[in-house]
Amino acid sequence: MEESAFKYPSESLVIINELVLPNDTNYFGNLMGGRLMYWMDIASGIASAKHSNSKGMTVSVDNLSFKNPIRLGNNVHIEAKVTRAFRSSMEIYLKVWEEDLLNQKQNETNEAYFTFVALDENRRPKSVPRIVPQTEEELLQYEGALQRRQLRLVQAGKLNIEDAQELMTLFDSYRKR
Amino acid sequence: MEESAFKYPSESLVIINELVLPNDTNYFGNLMGGRLMYWMDIASGIASAKHSNSKGMTVSVDNLSFKNPIRLGNNVHIEAKVTRAFRSSMEIYLKVWEEDLLNQKQNETNEAYFTFVALDENRRPKSVPRIVPQTEEELLQYEGALQRRQLRLVQAGKLNIEDAQELMTLFDSYRKR
Amino acid sequence: MEESAFKYPSESLVIINELVLPNDTNYFGNLMGGRLMYWMDIASGIASAKHSNSKGMTVSVDNLSFKNPIRLGNNVHIEAKVTRAFRSSMEIYLKVWEEDLLNQKQNETNEAYFTFVALDENRRPKSVPRIVPQTEEELLQYEGALQRRQLRLVQAGKLNIEDAQELMTLFDSYRKR
Amino acid sequence: MEESAFKYPSESLVIINELVLPNDTNYFGNLMGGRLMYWMDIASGIASAKHSNSKGMTVSVDNLSFKNPIRLGNNVHIEAKVTRAFRSSMEIYLKVWEEDLLNQKQNETNEAYFTFVALDENRRPKSVPRIVPQTEEELLQYEGALQRRQLRLVQAGKLNIEDAQELMTLFDSYRKR
Amino acid sequence: MEESAFKYPSESLVIINELVLPNDTNYFGNLMGGRLMYWMDIASGIASAKHSNSKGMTVSVDNLSFKNPIRLGNNVHIEAKVTRAFRSSMEIYLKVWEEDLLNQKQNETNEAYFTFVALDENRRPKSVPRIVPQTEEELLQYEGALQRRQLRLVQAGKLNIEDAQELMTLFDSYRKR
Amino acid sequence: MEESAFKYPSESLVIINELVLPNDTNYFGNLMGGRLMYWMDIASGIASAKHSNSKGMTVSVDNLSFKNPIRLGNNVHIEAKVTRAFRSSMEIYLKVWEEDLLNQKQNETNEAYFTFVALDENRRPKSVPRIVPQTEEELLQYEGALQRRQLRLVQAGKLNIEDAQELMTLFDSYRKR
């Protein structure tokens, strides 16, 4: 069976909701960062499997910051979808909200980019469908993915910064903020 | 009781060993990235508490990549220590090895930087002792911490890249690799 | 702050995705029924809290059958929403799919009705907004809720079957199948 | 080795005691319904395996209600035994008590009927020994099992209510309460 | 409310059944010793609470050996009851069987003695009822408890071996085996 | 590849740090004894694997007492190393501290001896390298191991107390305390 040559980001959308239980919390009764990253990794794994029709594993996690603590008893709402696919790897964008169920408030707490690689049954990288962005936001994510990938390669020492054209554009964008 | 004005990095060193059990693994029998990040967060939390004599919470995790998969039944060895302290936040450097117990081999699998903030009992940021590096490696980590901090701030949109002197040095170092 | 007198079913919609890990499975490598019910209960709890702006607890679970086994490594997709609210209790309808990520197939595996009661801070039942169904399916669920409630009351010995008008209609529907 | 053609209900009796720990509890410090169902499913699985000398899986759970909340730190006492066996399926009756260890009080909190099917190594239904009830209570459970089975089949749309002779008797019993 | 001055061992009997799941097992698919000790500790805690009408904590565990491995998918059956009470502490005797459900075989795998102390709400030791043994086996356990207690005290350096009259009897019993 | 005929105790040293989370604690907010034994068993398993280059399983745990409770939110620090190896079994010495991170205090809470046996891939006992103690403390542990082994064998009814020469020396040491 031939696989589709491309997919839309929305085809890989995964929504996860988790209740913050006592063992997920730190000394202050807030969700531990590590527990949230565990859930984000699960969500990324499902999203990348939906895009690639294959299992995979985590390659990297981009710089990620924790803006607001999430309280015991509240709901963690995570949305993940693939922004761009390379040969066998995929970048997944995640957004996390805390839902205070009593007051019906949603606070955005995190954004993150995870990278997964698709593997075949022999654990070898396997090519994946291209992404065709549909919405304006998806297009921005798609274009930014190249810059972020170069930053990862530069940080990993695998790419000379002068060859990272797209990354230069990113730095320019920082300058203009 | 007055707290010490500074501490050495070695005073916050934390060593964690965890056996990879079935529920920690993905479809391929390898440790899930999210589970490893959970353990790294616990290690960072203990290291930062040792430095600050206080509990804290995760502020951010720097770009982190997973080089080699860690197999079911092997041992995960994590070392964490504080590289530098700012007013109330601390950068923690982590190094992770897989130990193949049958063949007595150690593979380095990850390096990471976590940032924690120390909180007092009212959950308000609390000042922490300075770090005085002792070894050459600690000194390099200490100096690099400033660059990494600026990169976090620039990426979070809280610092203009032109004001990030140390970061420019980082970019230069990328150029020279 | 006055609460809204009614809500739509869609306002309580909760989506949960869980990866089936080794410890969730039985001797045959299939998801244990009890583990699925645990996740369904969490989903119901979040849905009822979204509708009622309050925490609550499980009152009852209707007869529930397991059609198809869910395999290790696959994704469990659960959707839950409130079908009808009574004074302080709410009926939640859940639908469960197994997603075979490798073959991109979705199998429906379960349907269920959970009932939750909303509690105030003193653990006393608290009145909740009415439900106003919007779609045809929501209307059918809304109407059926009365019958199902009478069946629960009859089965609990709290209602005489001859007083259960709506239930009689249910039995008639069985006759006509 | 030939297996016995019948067994007594007492041969499948399983007793489970579980301490309610923090992570088992909801916002109010009471045992979550889903966690209790998880334990009931485990108990049913062991009881059905004792009767059938084989592993199996959950087929269905009858309507089940939660009468009294079970508190953090208390003991959950579950008893399960097979009431009747059909070709390859078995109905298991469960009774649940909360034990308040400090005051030595036992409160009955749940009754339930689970149905399991016995499977052979190839995951195919396997015939199981008949049940021979010994006590009066076991006889009542044995006879009621037929009615409950018909109700399950009718609710699943697999049996016309007019062909459900035993179920009619059940409805009559409701009328007379 | 005055508490009873004594109780029978049977009043504290606790039965626990646990299914061995993947995460409970070691590299060879056998139950990990530490997981079994965890369950034994829970059983001891419930037994001692039943005897003392109070919560308590683990004081010590006697020398304990693991005779036969317990396999994944089998049932662990634990029975625990108080053998003798001292001022505020209680000795609990535990016996553990593996149940091979497919072949209906029971193998005894462990015996153990745990000691718990009863605590009041202020975490201070609290006096507990005496034990009155009823069966011959309970009487033997009751008498042996004194010797085992002296061995614990000698091993902890809290009792001179020459003052341990009962322990000498124990050593004699070893000589006669 | 020939394995070394001996190893030093320090080659098997394992350090574990675990944060005490809500689900690890009993009614009084202290670490449950069973949970600590679980972690000690994991540490022993890693230490014995480091010494033997093979997986193994728990054979026995010597009498072990819990001196000081460990509080929720504190750190448990465990050190384990092999004291002596017999044909295929190894004695592991463990020491446990509670670290009160806020006050930077360390309390010793437990000492213990675990025995593990090394197994080959067919689950058969496998010979292990000898131990050569290096420090004075290691030498004392090494010599004491023989006595403790005899006590285990006598308690298990596998050795006549009169043939236990080393054990007699142990009893003498008790007399002189």
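Chains: A, B, C, D, E and F, in written order; residue numbering restarts at 1 for each.
The working rule: a residue touches a chain if its C-beta (ideal position, glycine included) is under 8 Å from a C-beta of that chain, and two chains touch if they have at least 3 such contacts.
Note that the structure is a prediction, hence the values are computed from the model and not measured.
Following the contact convention of this document, A, B, D, E is the list of chains adjacent to both chain C and chain F. Steps from chain B to chain E, taking the shortest chain of touch contacts, total 1.
In this assembly, E is the chain whose CA centroid lies farthest from the centroid of chain A.
As for how the two copies chain C and chain D face one another, over half of their interface residue numbers coincide. One inter-chain figure worth recording: chain B and chain D are separated by 50 Å, centre to centre, where each centre is the mean of the chain's CA atoms. Separating the centre of chain E from that of chain F, both taken as means of CA atoms, is a distance of 21 Å.
Look at where the CA atoms of chain D average out and do the same for chain F: the two points lie 43 Å apart.
Contacts with at least two other chains are made by residues 22-23, 27, 42, 45, 55, 73 of chain D. Shown are all chain pairs that touch, namely A-B, A-C, A-D, A-F, B-C, B-E, B-F, C-D, C-E, D-E, D-F, E-F.
Residues 21-23, 73 of chain D are the ones that touch chain F when the two sit in their complex. Against chain B, in their complex, chain A makes its touches with residues 26-28, 30, 32-35, 37-42, 45, 55, 57-66, 69, 119, 123, 151-152, 154-157, 160-162, 171, 174-175, 177. Taken in their complex, chain D has these residues touching chain E: 14-19, 42-43, 45-46, 49-50, 53-55, 73, 75, 99, 101-104. For chain B in complex with chain C, the residues that touch the partner chain are 22-23, 25, 27.
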